[in-house]
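Structures are listed in the sections that come next.
First chain A sits with chain B, and in the next complex the same chain sits with chain C.
== the complex of A and B ==
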C-alpha cells in the first residue's frame, strides 16, 4: 500500500539561519546539502533567514554571500532541488534572477497572511523563470479560514503552484491546521503546504494534522534548527510518518546522520522552548516584537508578557512596532 | 464553563533526576518545590529517578539523601503534596515508610506493564499509610489494550486509586494513547493518568489526547527535564490546555517563572531529541538498553540502530540484556 502523498521540504539552511545568526559557512552548507540529497530529500531551502536580500543591519548581516551558498548547495544535488525564500520588500526581483543563476529551482514568495496581493509580480516572475513557484502565507493563525481562502485564491490567480499555511509564531493547535488545510483543499486547485514552529510543542502534531488533511508539502528542519523554538524536526518527522504508515521516500538512518553528525555539530545551542518562545507562541505575535517589548516593559514598569499577550489580542503585525509602546503605556496606567 | 477535570502532576524533581545525574541539591529542590507550590501545582514528585532506594551503583548514586530532599520539598508546601515513585525490587516497603515520615502524601507504585502483580503488597501498604495510592504501568506501549485493562484491574483490586498509562520510551502516538485511556475509562472505576516522553516530539499531543479521552492525572516536567528526550513540558502544557479552554488551576506566569528562573538555571543541558533518544522512541525500547547496545554494535560490527529496532520488534524488556548480544550476533551473520 503506497501512502506517500507529500514531499518533505527541509528548511535547515534557511530558517536555521536565524538560530545561526546568519553565519552559515560554505563548509556547513556543503555538508548539510550533501546529506539531505543523499538521504532522499527532494527539496531544501537555502537563503538568509528573512529570505533573499535579507542580509542587512535591520534583519542581520550574513557572514557569507547567500548566492555563493545557494551555488554550493545546488552543486551537491544529485536528485534534490534548492528552494529560495523571497519576501517582497526585503528581496527584489533581481535577487531571484541571481538565485536562479546560482542554481535555485523553486521559489517561495512569502507575505503576511492578509497581503498576498504584494506578491503578484514575484509569483509571475517565478513562473517565467521556470521555477516551481509557491505562495507562502506567514502568520496564518491571524486570519480567519475565509480570509485565508481568499488570499490563497489570489496567489493561485498569480500562478502559484503550491500555497503554504505558515504557522510563523508556533501558535496553532492541530484543529487550527486541519480547519485551514481542509478549507484550502476544497477551494483552490493547487497543492497545499504546511510550515510549523514548535513554540507550543505542537509542531509535529500539527504537521501530522496537515498531512491527514491533505497537505502535499510539509516543512521540517534538522535538529529543529530555526526561529523561535525551531521547526518540526525533520528526522523525527520521518520516524513518525513511517510509524503512521506513510512512505516518505527518505532514508531514516541517513537523515539521522546528517542531523546528528553534521547539524548538531555546528548549531550554537539546542532548540528548546524557553520563556520567550513560549509566550510568543501563546500570544501569537511574531519574534521581531520581542526586543521592543523588553525595552517597553522596562520603561513603563509592566510585565513584558502582558504586553505580548495584549499585542496578540489586538492582532498587531510586523511594522506596527509603535503599538508596543502604546500598549505598554496603557497597561502601566491600569496597574 | 468549568472544564477543569484533571490534575497536573509535576515530575521535575523525580524524572529530572536522570538528566541531573541524580545530583539534585537541597537548594535546587527547595526553590523548585516552592515555585511549584506557589504556582498552584497540587502534586509533584520527589525521588531518585528510578524511585525510592534507586541510589546504587546500578542505577546511579544520588549526591544527596532522597529522604532529606523529600523533607525539604514537603516543608515548602502550603497547598501542594509530595509524591514518591516506588519500583518494587528497587525500593522496599521500609523506604516507603521512611518517605511518609519525611512528608510524602502520595505513592506511585511502578511496574512493567505486564507485571502489576508484583505490586500488590506495596499498593496495600500505600493505602494503609493513608497515601493517595497510584499504580503506574511502565512501557505501556508494549502491551495490547486488553492486557493493559487486565493489569489495571489487578492494580484496582489491590487498592490503587489512580492507574497510569506510562509511555516510558516516548513511543506512543496520540491514537495509541486514546485507545488505551478510553479502554481503561470503560473498564475500571478508578481514575486514569498519563505520563509521556518526547522522543517522537509527541509528548504534548499525547497528553492532550489523554485529557480528551478522560485522563484525570497528567504528568509534566519543567523545561521538559527528564529521561530520554524529556517529558511533556509542564509550563507549555499549561499554555496549551488554557488555549483549549481547560482550567488548569495553575498560574501561567508563576509556572513559567519557576521553569525559566529556577530549573533552566541548574539543568546541565537543554532537553532535545538526539539520535539516541529518537531511535529509542522509534524502536520502543527502554533507555537502559542503550549502553549494552553500543558495546554489542562495536563488538559485532553492526549498526546499533538495527539492534535497537530488532529488540523493539521482539519486545525485549528490562532484565533481558543478554538478548542484546544474541541479536547483534544474529544481525552480524546476516550482513
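== the complex of A and C ==
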C-alpha cells in the first residue's frame, strides 16, 4: 500500500559534525557512508557542521579536511549520492566546485529564513554543475508563513529544485510545520523538504506532520547525532513511516546496524535533551550554539542557560557563535 | 583652488551616505552624483542639495569630465572595471568602494598614504575596514599566523549590491587581512541579521599568534591605540569588553555605530566604509593640492 515516494536524507556526517566538534575521522566517515549506502539511503550529507568552508575559529576547526572526507564518502557509494551544505557568507562558490571534484552530487544552499537573496549565485552554480540543488531556509520558526513563501519563491526563481523548511532551533510544534509546508505546497512548484531538531522532543512529530502535509524530502541522523539534542532519528523514522504505510526504500535492519554498530560507537555523548538544549528549543536558539555555550559558561563562570536565554532575547541567528562569548563576558561582569 | 571636485558613481546606500561625508571634508568639494535610476533617492537628495546630477551612468559622466578630479565608485565589482578603465585613462583619481579590488587596498589607520600615487585605490569592504586595523594592531606587535573576522550587519543595511556580491566580500576581505593586516593567512565570514529593531554592526577578530610567548599587555595597548585612531573618523567604533586571550588565540569584539547620515546609526558598516573613503580622498587631495601649489 504505497502512499507516495519520498527521500530520506541522512545528515549524520554533517549535522553530527557539531556534536563531534568537527572531528570526524576518515575511518568513521567511511564506515558510516558504507552503512548508509548499503541500507538504501539515497542521499546523505558530508560537510563541516556549518557547511563547506566552515572550519574556523568561529565555529571550530575541522581536524580533517572536509574535501578528503567527501571523497572518502563518495568512494563508498554504490547507489547513494553525497550532498554538501553551503552557507553563503561562510562558504564560497570555489568551495562547491572543489566539493564536486571530490564527488558531491547535491548541494544544499542555506540562508537565514529571510535572506534567500544572498544565495542566487550559489544556486545557479549548483544547477550549472549538474547537481541536485536545494534551497535551505534556516531558523524557519523566526518568519511568518507569508515571509517563508516569499523567500521560497526567490529560491525557486534562482533554480532550486527542492526547498527546505529548517527548524534549526528545534522550536517548532507540529502545527507550525503543517502551516509552513502546506503553504509552500500551494505556492511553489518545487519539492518541499523538512529538517528538524529534537530540542523539544518534537522532531519525530514534526517529521510526521511534514510528510502528511506533502514534504517529499525529510532529514534525519543516525542515533539523532546532530546539533543541540540532535535531529529526527533516521532509523526510528524508517520504522515510524513504515507503520504509517509509506515506502522509504530503506532496509530497516541495515539502517539500525549502521546506527548502532557504527555511529553509536563514536558518539561522544548520547543525544539527550539537557537543560541547555531544552532552553534552545523553548526560546528559539540555533542548535549548534550548544557546545560553544558550554565552553563560554565554564570560561566566564556563568550559567549556560542564562547565556542562551539572552541569545534568544536578542534574536541571535545561525552563525553568530561569537555572540555567545560576548554575552557570557557581559553576564560575568554583571555578577 | 583649495579643494578638489568630487564625483560619486552609484546613488544607492553607500553613494548617498558618502555624499554627506564629502560635505564635511575640508579639501573636497561635492560636485556630481551619478546614477542610473532618475527616481533614486540618492539622485533626488543630490539634486536638492544643488549638485549636478547625471542619471545615465558612466556615459553621462564621461561627457562632463571637467566637473570631477576624484571619482568614488559605489556601484558593483563588475561595473567598476569598466568605470575605472575609462576614468583613469582620462587622468582621474578613482576611489573604489566595490570589492573589485583592482587598485591597492587602503585602510586609513594602517596605510593611509601608501597608495596616493596609484590611480585607483580600493577600500576593501565594510568588514575589512572594521577589522583589519585590529589585525594590524596585533601583527605589529607579534607575528600573526592566521586571522579570521566575522562581520554581522543588519539585513536592512545590506543593499542588493552587497547581497549579489557576497562571495566577493569574503574573498576581498580575506586577502586584505593578509596584505594589509599582516596575517599569514586570512579568512572572512559575513552574517546578515534581520532582527528588529536592527542590530548595530558587530565584528569579531580571532587571531592565532605564532609565538607561544608574547607580551599580552603590549598587544592590548596596541589594540586600544588603534581603536582611538579609528575613532578619529568613525566616532562610534568601540571595543565590546576586553580582548580575550586563550593560549595563542586572541579574540577581539567590536561594534560600529554609524554617524546616522543617510542610514540610521545601526549601519556602522556603511558608515565606516564611506568615512574611510572620504578620509583617504581628503588626504590625497591635500597632497595633490600641495604639489600643484
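Assume the second predicted complex is superposed on the first by the 285 of 335 C-alpha atoms of A that agree within 3 Å, B and C clash if a C-alpha of one lies under 4 Å from a C-alpha of the other, contacts with A are read in each partner's own complex, and residues count from 1 in each chain.
Here, a contact is a pair of C-beta atoms (placed from the backbone, for glycine too) under 8 Å apart; a residue touches a chain by one contact, two chains touch by 3 or more.
Owing to the predicted nature of the structure, the values given are computational and were not obtained by experimental measurement.
> Please indicate which partner A:93 is in contact with in the superposed arrangement: first for chain B, second for chain C, both, or neither.
A:93: touches chain C, not chain B.
> Looking at the overlay, does A:317 come into contact with chain B only (first), chain C only (second), both, or neither?
second
> By the touch definition at the top of the document, which applies to A:65: first (chain B), second (chain C), both, or neither?
Neither chain B nor chain C is touched by A:65.
> May I ask you to decide whether A:173 touches chain B, chain C, both, or neither, giving the answer as first, second, both or neither?
first
> Identify which of chain B and chain C touches the larger number of residues of chain A.
In the superposed model, B touches more residues of chain A.
> Return first, second, both or neither, reflecting whether A:146 touches chain B, chain C, both chains, or no partner chain.
After superposition on chain A, A:146 lies in contact with neither partner.
> Once chain A of both complexes is superposed, is A:120 in touch with chain B (first), chain C (second), both, or neither?
second
> Quick check on the superposed pair: does A:273 touch chain B, chain C, both, or neither? Answer first, second, both or neither.
A:273 sits against chain B, while chain C stays out of touch.
> Would you tell me which residues of chain A are touching chain C in their complex?
Answer in residue numbers: 56-58, 88-90, 92-93, 112, 114-115, 117-118, 120-122, 142, 314-317, 319-320, 322-323, 325-326, 329-330, 333.
> Give every residue of chain C touching chain A within the complex, in rising order.
Per the stated touch rule, the residues are 146, 148, 150, 152, 155, 160, 163-164, 166-167, 169-171, 187, 189-195, 199, 202, 204, 206, 208, 240-241, 244, 249, 251, 253.
> Touching residues of chain B toward chain A in the complex: what are they?
Touch list, chain B to chain A: 173-174, 198, 200-205, 208, 223-224, 232-233, 235-237, 239-240, 242-244, 252-253, 256, 259-260, 264, 269-275, 278-279, 281-282, 303, 305.
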